[in-house]
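Chain lettering (A, B and C) follows the sequence in which the chains are written, and residue indices restart at 1 in each chain.
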Amino acid sequence: MKNMQVNANKNSNLSLAGALVLAGGAALALSQYFIWIHAPVEVTMGLVQKIFYLHLPAAWWGMICFFIVFCASIGFLLRRSPAMDQLAASAAEIGLLYSTMALATGSLWARVSWNTWWTWDPRLSTALIMWFIYAGYLVLRQSIDNRRKMRMVAAVLGIMAFLNVPLVFLSARMWRSIHPAVFASEGGGLEPEMLTTVIVCVVSLGLLTAGLLMFRFRQKNIQERVLDLYRH
Amino acid sequence: MKCRPLALAAKDLRLVFADGAGIIQPVLLGLILVFVFSLSTPVGEEVPAQAAAAIFWLATSFAVILVFNTLYSLEGANQARIGLLLSPMPVQYIWMGKALSGLVLLLTAQIFFLPAIIVFLGQDLMVSWPGALGTILLIDWGLVAVGSLLGAMSQGHSARDSLLSVVVFPLLVPLLLAGISMGSFFLGEGTGGEPGSWLGLVLAFNALFTGAALVLFPFIYGEY
Amino acid sequence: MQIGDNQEVLLELDRVSHFFDQRLVFRDVSLKLYRGSVLLLAGPNGAGKTTLVNIMSGLIKPVHGRVITGVPREKTAFLGHYTFIYPGLSALGNLRFWAGMYSLEISDHELAKILTTVGLKGFVHESAGTFSRGMAQRLSLARVLMLRPELMFLDEPATGMDYGSRRMLRDQILEARQNGAGIVWVSHSLEEDLDQADMVMYLENKKMAFLGRPADFRMLPAEAG
């Protein structure tokens, strides 16, 4: 009886994840309307500015994923529950994917806007350094055979990595003052239509992220259970 | 020998210096890095102070990896790690002991790196020796705090130095940026921002990661 | 020696169960270790004897249950397969280091005397890296004796020792018991060690299959395989 309930619970989780992914997909499709038709074309940059609508949500949700890694790592150290570890691993993977997207689009943006593929922009540099840290985190997870030790070490690294974010950002900003500024800081004022579009994009990517995260989490959970069957 | 972290560090240093390899390897690697880097500029041209500072800290970073790998592998030979864990002392003492011995080894390596960048990279102007040494000491503190924490994970399995460096280097970025910036200041390129604000950043880094290490070290070293 | 309720309990396990990840190692182990007694831990390979000793010594925290002991860490010693020896230090240097870790005030003269007890008289200043397995284990025993432990954990300490060393080890263990130490002893050679024990505990099928006197254990049909 209890087992059946657990299964039912798992299934409802699965359908929730599915619903989130579908909703996210639909919302992303809808957001195309906002991006291409609703929002005006930017005067100086032209069509390329549309990258922004992918860049910003990816960067934000990537950072939020890293924050989830941080929280789940703390949770793991407190509770020692493998589920927390699986959540951290899933969030790190998705976060890495998103920050890759953010970096690629950011680089394209830089090329068009400032005529250089890479510039020491504090936000961009922070994103790159975080990318390195979390790539290292995932490599580490692969390379330690002892699972108990791997989880522990990964959790510690997951905490350290996020603690480092403000320092990385601060140092990147201070570093820039050495170099001549390649560009003036971006103007803050967005057209209202652009703002709506950004919000739509952030929300739809958020739905997709939540769904993906749940799927990946479930996958890792099942994978571990299957591996446990072998180990008995 | 009352203070146990000190006793631990003394034991480590005795073992490392008796064997030699544990200190010669990082020194050699660092010197090679500095020498190879000197090839990056045409003969007769000056290497910018900032580049010299960067290579100094790069050599130091590699030394951090090698030094802590050596230090923690000392406990692996006959599982002395378990003996230490069973000893009546906080696990953090082990972190402290390793950080201390790591600091001494790192400073030893830097004694060789410093003349090397002066000789090979033609840096002959030093604005303030006390300031420069103080800066080095301060940044080394942050390096060994992180190194001693994450170096502990390298013990007892096949994870190699390369894995440790992939994980540790990006974490050290704020510290390295500060080191390079302040280093170029002390090497005469006085324009390098304000050393004061970098100093604040280094202190914040050290405080944050010393605290984190004290809390997190038992998880890395004490279990499984 | 008679074991009774009036004797001081040095260590108590209260329904201890342990898992590695999801896998059960053993469950519901409850026992008491009395002052001046030897508890022999036996069981087939992989029964979790080493894990149980690690839990008793405080190295591992059990998933369920409690380990209760009034003996401070300073008075607890561990002797296992691993010798905890630094090959780069001399025999004396090793002892001195561990004495430091236990904040023990002890003169070199006394340390040399302990080394003599374990038969390492001529090797005091010899580098421990040159020691054979048996000698290293003797040095490890010297470390344990140096601590004058009230609680001793022995995890197959005789592995790799020759006959003379084994006898010396046994004599030292019995002397420690005489002095009031409580001893937990994981053994592979049951026949040899059973006579020394006051209590036997047999771990099998993830649980405590037997806990009692050696005499009663002998009566059991063919369990001591």
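As a convention for this text, a residue touches a chain if its C-beta (ideal position, glycine included) is under 8 Å from a C-beta of that chain, and two chains touch if they have at least 3 such contacts.
Quick caveat: nothing in here was measured; it's all calculated off a predicted structure.
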Chains most often in contact, by C-beta pairs: A-B
Centroid comparison with chain B (C-alpha atoms), farthest chain: C
Chain at the geometric heart of the assembly (C-alpha centres): B
Separation of mean Cα positions, chain C and chain A [Å, integer]: 51
Approximate Å spacing (C-alpha centroids) for the pair chain B, chain C: 40
Gap in Å, rounded to a whole number, between the CA centres of chain B and chain A: 31
Numbers and ranges of chain B residues touching at least 2 other chains: 223
Sites on chain A at which at least two other chains make contact: 148
Junction residues of chain C - those touching two or more other chains: none
Footprint of chain B on chain A - complex, ascending: 77, 129, 132-133, 135-137, 139-140, 143-146, 148-149, 152-153, 155-157, 159-161, 163-164, 167-168, 170-172, 174-175, 177-178
Complex contacts: residues of chain B adjacent to chain C: 1-2, 4, 7-8, 11, 14-15, 18-19, 74, 77-80, 82-89, 223
Touching residues on chain C, where the partner in the complex is chain B: 57-60, 72-74, 76, 78, 80, 82-89, 97-98, 100-103, 136
Touch list for chain A against partner chain C, complex: 82, 147-148, 228, 231-232
Chain A partner contacts - residues on chain B that touch it in the complex: 146, 149-150, 153, 157-159, 163, 166-167, 169-171, 173-174, 177-178, 181, 191-193, 197-198, 201, 204-205, 208-209, 212, 216, 219-220, 223-224
